[in-house]
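Order of writing sets the labels: A, B and C. Residues in every chain begin at 1.
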Amino acid sequence: MTQPIIEFEHVAMQYGDNVVLKSIDLEIESGKFYTLLGSSGSGKTTILRLMAGFLTPTAGNIYFEGKNINNVPPEKRRINTVFQNYALFPNMNVFENVAFGMTLKGKSKREMTEKVSEMLALVKLSGYEDREISELSGGQQQRVAIARALANEPEILVLDEPLSALDYKLRKTMQYELRNIQQRLGITFVFVTHDQEEALAMSDWIFVMDDGEILQNGTPVDIYDAPINHFVAEFIGESNIIPGVMREDYLVAFAGKEFENVDGGMRPNEPVEVVLRPEDLDLVDVSEGKLVVTIDDESFRGDYYEITAHDDDQNHWQVQATNSAEVGQRYGLYFDPEDIHIMRLNESEEDFDARLEQYEEEEAPDASD
Amino acid sequence: MHQTKAFNYSVPYYAWLLLFVIAPVILLLFESFMDVHGNFTLNNYQTYFSSGTYIRMTFNSVFFAFMVTVITLAISYPMALIMSRLKHAQFWLMLVILPTWVNLLLKAYAFIGLFAKQGTLNEFLTFVGIGPQQIMFTDGAFMAVAAYVQIPFMIMPIFNSLVEIDQSLVNAARDLGASSAQTLRKVIIPLSMNGVRTGVQAVFIPTLSLFMITRLIGGNRVITLGTAIEEHFLVTQNWGMGSTIGIILIIAMAITMYLTRDRKQGGK
Amino acid sequence: MKHKAASLYLIFVFVVMYLPIFYLIFYSFNAGDYMNNFSGFSLEHYRTLFSDYRLMRILANTFIIALLSALFATLIGTFGALGIYHTRRRGTRNTLLSLNNILIVSPDVIIGASFLILFTLIGMKLGFLSVLLAHIAFSIPIVVLMVLPRLNEMNPALIDAAHDLGANDYQVLSQIVLPYAWPGILSGFFMAITYSLDDFAVTFFVTGNGFSTLSIEIYSRARQGIDLSINALSTLMFLVSLVLIVIYYFLSTYQQRGSKKKRTLGTAVR
């Protein structure tokens, strides 16, 4: 494995009695798009400020390419920030903002002009050099902030909820463009957001945070398909979470029945939580269903119907269906064994990963055919 | 963390706080316990409280300041209210502020001309058939000039608190059936009390300590706390007694601030 | 009907407010020697004023004191505001602010008397220096009150952003913080000038026999009666005030730095 560009080692942060970060261990590799995902107060922005150097950890160490940078001030770090409200200097125009870092380094006029126009081209604002900040729209200010940070040629660009002030459509465009810029430049991006959709769409790797801890980290697909616990499952997309019991490996009981599934490595008859994503569920004839449900409500969402229903054990179900269903009618509910995801109660991330690896190895010959 | 240097630039400011804010207050307090020869004594306070003259003078001063405040408020509130509803409110506010930029002494000087025995006001009184009156060196003249000087300082805070009132509150009151008089009494006046309080502070306290107008216009008939302090420091050279009255003035000021402090419920 | 009454009241109060001022100005052109019986237009009193060597010197003193005290007060006050701004602990911050405001709420006589005690104690000769020091002292808190809100209103991320882009503390101060606070600093400077020009009571206490400012001089002349060259002087002072208020108004509405022609044009059109 290559050396991580940034490494956190038992990093903790507290103000007086208020613990903001408990004990964070994380590694960031060069050239990837990382996302810190969590609600406000989860500690994600604190991690960002620790990386950029605006905060010094109260315990633990931060390494940049293997060197401890705990006490290196922000102006000496090869990390630049795109701030939440852009923090563009109102007393300077677009050119002066983008060139600010280079002015401080005493770069030549020609070099600055070249770099600024290159950066503005990158963010699709060519020709905006002489504009005042107050003349720009929110989206344009956003682009200038990105250009200004990138003009400093950082190894890592950290972005603090940069898209939260934009409207829905612009946010979508910027998500795509940010991803594009990151891939073209090949530098590391660390992105902070509370929007799970944004995280899933953009990242190579996601850290899900809550209450000063990293709950789970992995690729978007891993985290979506195999959330570690109730919190992550709820936070990442909509889910049906139903209490169940793991009878034995690959056999789980919930909603009064037993089902074949693909999880294992647990004690026999261990109580667990079962996750089924609404889009993995299909409404079929009562005779073909694995469960029988009664439809409570239906609402049209454009590309699908959002349906709520309950089974005979009074568990509530959310289903995303392509076809309309009739309220009050009974339908069969169908899902495949792979759609069932099991979560153990209070399982740590290490145990979870170990267990996943263990039974995936066992299963490998099966899965390959 | 990074800002330690800016802290060092601020050293002259902290030196100023020490030398020109904290030290003078302490010195004034010390001086009030000194007799004319610089020995420690409680005599100043004893004299102040036992001789009727000083107590009477204090009450007089408070009374005049109170009257001036009431007159100023009575003139200023309607004025601020009318101004706040005008189109170019900020322009009218400028017109109110402008006279405060004219040197106070010049304004007092103008009234010497207006109020003199053969002055313009007496010419007017003769013209309407009342005949010339003694205007200069009366209590009335003092109150008129003091109120004149203070009016802008009363209008400004009231005006500001009035324009800050959310217009939808006024609309809501009317919508719920309040007449314009009821809206004024139940909504606008209570919501502008903060401005009134600030205005009262801005007028009452300086009026207690005015000494120039008392001398020029009041002709030493009106003795305010300010006049007494000036008298003791610069005329009779009894700094101890002057400082004692100064401490009394500071206490009076503190009481005024306390009475007009920002409370949740309106009313004085 | 009600509207009319309101307008009449408004006009009446404004007339009362401006009457004494225009009365002074009007009689400064009187050929006679009193503030009644306008006996004809004359610039006689302006001639007397400009040939009054003593008054001209006092006028110069007054402006020198005003400019110097405003300059020092702005310097000290701006860095004082920065000090308060960077004070993290709320309690300390509030204490500093309360101390700052003491001189603003204190009656002039108290300031004058206590400064007189202070200067006498340290053995300073009363005169130019004591007046200058007193004016600097009572102008500093105003500068702080003008600069501090501007600093507080600045997005703190601007400082972070400048550090992030490689600026050291000095560069952050000179290129970001001071330019941002500049309108507040200028307002503070002009307020300090007007406070100094306007002051009578404090100066009266701390000026000795040899040194005099305009307020002091008008006071001593007014005690002796009417002198129409004072009227002429007040006319000129009024004009100076007008100029100052226009500059001040310009500054307070013109918040952003106006180096760009486009912006200037935009404001002019607006």
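General observations
In the analysis below, contacts are C-beta pairs under 8 Å (C-beta built on N, C-alpha and C of every residue); 3 or more make two chains touch, one makes a residue touch a chain.
Everything numeric in this text was worked out from a predicted model, so none of it was measured.
For the pairs A-C and B-C, the count of C-beta pairs in contact is higher at B-C.
Ranking all chains by how far their C-alpha centres lie from the centre of chain A, first place goes to B. Chain A and chain B have CA centres that are 62 Å apart.
Between chain A and chain C the centroid-to-centroid distance comes to 56 Å (mean Cα coordinates, whole Å). Separating the centre of chain B from that of chain C, both taken as means of CA atoms, is a distance of 19 Å. Shown for chain A are the residues in touch with two or more other chains, namely 73. For chain C, residues touching at least two other chains, in rising order: 163.
Touching two or more other chains at once are residues 2 of chain B. Chain B meets chain C in the complex at residues 2-3, 5-7, 9-10, 12-14, 16-17, 19-25, 27-28, 31, 75, 78-79, 82-83, 86, 92, 94-99, 101-114, 116, 118-120, 123, 148, 151-152, 201, 205-206, 208-209, 211-212, 215-216, 225-226, 229-230, 233-234, 239, 242-243, 246, 249-250, 253, 257.
Against chain A, the residues of chain C that register as touching in their complex are 155, 157-158, 160-168, 171, 175-176, 179-180, 256-257, 260, 262-263.
The residues of chain C lying in touch with chain B in their complex are 6-7, 9-10, 13-14, 16-18, 20-21, 23-24, 27, 34-36, 75-77, 79-80, 82-83, 86, 96, 99-100, 102-103, 105-118, 121, 137, 140, 144, 163, 169-170, 173, 194, 197-198, 200-201, 204-205, 214-215, 218-219, 222-223, 225-226, 230, 234, 237-238, 241-242, 244-245, 249. For chain A in complex with chain C, the residues that touch the partner chain are 52-54, 73-75, 79-81, 83-85, 87-91, 93, 100-101, 104-105, 132, 134, 148-149, 152.
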